[in-house]
């Protein structure tokens, strides 16, 4: 007890002495990354669900359309991209919901760190455990859709790049709807139209690789979209979280 | 400038000033739309390729213009509301959203009907129509989000943020859809926006566009006035206003 | 005038269904928007006026009493 | 009194909060200094939680002005947050993490690099010794609340804003917490609290009453 009391007085006299600015942010962001990763890895089902969903949706298409490899090959880039996009959307609703329900979100808002950066850490975890695995899994499903050789690497790279933008944009929607009891469907309605540019250039990259046009331009545009999203989305996420916590 | 912003803070002031402006916009809207319609339907020459079906342009293009402008105005209102906490701005934003969705619908519907004589099909994934369709979904998202909150203040803020996010995305969506379309373009020509349209064709179009804008302003003023009364119904000036008009 | 007769005007060079469908739908929607705005305003004013009358009946003192009566008795008198 | 007390001062001038055209409270003036326990009272729906959210910097759409150590809140926000510890209705404890992991995150969130020893000590002080590595989801509601309360010991902050901190805690825990609040105030800290539990009268205790008749501040 006495130790704590003496430090209370010290801090009251020198408010700035608590936590060094600059170093403190790195510590907080790192701890948030670590915490969210630990949380997700303790509930492995939630990490696996989007991947299983991805594989299932891809299985539906040959059954629903035709097993003809030539036909599948022409639509494979778009199918893989759309299915991955929907799979990433699936896990978006839970991005902030757990923290909202148990009160951690309030604490996140009151941390003496920029909320945008802490939100970014949470989005990064979402990408690491959803977007990245989807990108790594896509080539395997590409084989099942007879995706022409030479486009597999581009498929994985475009998905890895694009899904980072999707996580960032989607997090805005998740932050806006986290205070609503049934925000799930609304979230898709808000977010899907905003996903379209990423889809166009992502699927376009794979298409271009198949045609042998070189996908560098597409990947560059995907990178530019990601840079833009990285600059703007964290602020929108922070503002949205502040709105939701007041709801 | 500050004085003006401070005046805007008062819904009562907006209510008074809009009462004087409103008739002018109604008159302008009615006159411009009437002149533009008669001119466009009966007097403008038929298009050498599309014949008379091209007259759909006089409703399709003004609606499309308005649909985009309304989204921008909604985002600007959202920004004004978030930065200066001017409630009238949020009321305007709430009132224009359905109007914008309606305009998007008109432009989609007229575009689809126009597609039959031009392309021989009701729907073509034309760049403009596709962008319009996405815009329609964006409108539905903003309207749905505003309706989903129990607290009106939170709903207003959330809708403002979404409108601003949307307006940043609209040019990106538009350019990426244009690019996507040129990549997959089938061998048809785009229906609107050709260069070298003669004056007899674009003059009525201009008049119709102006008429639609006047209509938009008039409807927005009118509905915002209603919204002011609704939200301020417990304020004294509204009570007095209601008391006077027996 | 781009047409020689009224019948030609109506026929629109064979494109009549499309041109008139697009124009009619637009006109209908614009008129509906205006009618809705008007109905909304009238209903609101009627509601406000009814409330004002009710408050005048309820008490000569319009200030505080009126507000209280509205808040507590709104449902009772609305039927 | 040590000099440090002078530097802890939270003021509100003409504070008013309107939510959806309803005034929760108006013209509220507060001057809270170190060494005080301020209990915010009022019936349900009188805006107690909202007031605490405003005073803890979560809600920003209020009318009136807030000052932290004589500086407007807008400018002093960073310094204010570095001195604040807020515990809300929900304990903010992750069910899938152990109490130790929960505390580690909170400590890092404050920007402090730390070791396990202070966390263990904090858990022990709230009677959770032996539960350090049990996932919080397996603890009772009262024990989860205690994990949150361990933060009072873990990160020394002069200003405590506590919304119903006595919820779900047993009688001994209530007594210990109550005592802890008094000790905190006596050592120069400040406590802002809402609770249905009747606090023992002490010279540090002040009451702020919210209600339909408007706020009423008693010394």
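A few notes on this one:
We just call them A, B, C and D in the order they show up, numbering each chain from 1.
Assume a contact is a pair of C-beta atoms (placed from the backbone, for glycine too) under 8 Å apart; a residue touches a chain by one contact, two chains touch by 3 or more.
Chain identities (UniProt): A = Heme exporter protein B; B = Heme exporter protein C; C = Heme exporter protein D; D = Heme exporter protein A.
Predicted model only: the values in this text are computed from it and were never measured.
Relative to the centroid of every protein C-alpha atom shown, the closest chain centre, again from C-alpha atoms, is found for A. C-beta contact counts were set side by side for B-C and B-D; B-C has more.
Chain centre most remote from that of chain C (Heme exporter protein D): D (centre = mean of CA atoms).
A straight line joining the Cα centres of chain B (Heme exporter protein C) and chain C (Heme exporter protein D) is 19 Å long. Annotation: 45 Å between the Cα-based centres of chain A (Heme exporter protein B) and chain C (Heme exporter protein D). Per-chain Cα centroids separate chain B (Heme exporter protein C) from chain D (Heme exporter protein A) by 48 Å. Chain B (Heme exporter protein C) has its Cα centroid 33 Å from the Cα centroid of chain A (Heme exporter protein B).
Touching of two or more other chains is recorded for residues 61 of chain D (Heme exporter protein A).
Residue positions of chain C (Heme exporter protein D) touching 2 or more other chains: there are none. Multi-chain contact residues of chain B (Heme exporter protein C), defined as those touching 2 or more other chains: 151, 153, 234.
Annotation, chain-chain contacts: A-B, A-D, B-C, B-D (touch as defined at the top).
The part of chain C (Heme exporter protein D) that touches chain B (Heme exporter protein C) in the complex is made up of residues 1-3, 9, 12-15, 18-19, 21-23, 25-26, 29-30, 33-34, 37-38, 40-41, 44-45, 48-49, 51-53, 55-56, 62, 66-67, 70.
Residue ranges of chain B (Heme exporter protein C) in contact with chain D (Heme exporter protein A), taken from their complex: 85, 151-153, 231, 234. Interface residues of chain A (Heme exporter protein B), counted against chain D (Heme exporter protein A) in their complex, comprise 1, 4-5, 7-13, 15-16, 18-21, 23-25, 27-28, 30-32, 35, 38-39, 42-43, 98, 101-104, 106-113, 118, 242, 245-246. By the touch rule above, chain A (Heme exporter protein B) contacts chain B (Heme exporter protein C) in their complex via residues 172, 176-177, 179-180, 183, 186, 189-190, 192-194, 196-197, 200-201, 204, 225, 228, 232, 236, 239-240, 243-244, 246-247. Put simply, chain B (Heme exporter protein C) touches chain C (Heme exporter protein D) in their complex at residues 33, 37, 41-46, 51-53, 55-56, 59-60, 63, 99, 102, 105-106, 109-110, 113-114, 116-117, 215, 219, 222-223, 225-226, 229-230, 233-234, 238-239, 241-243, 245-246.
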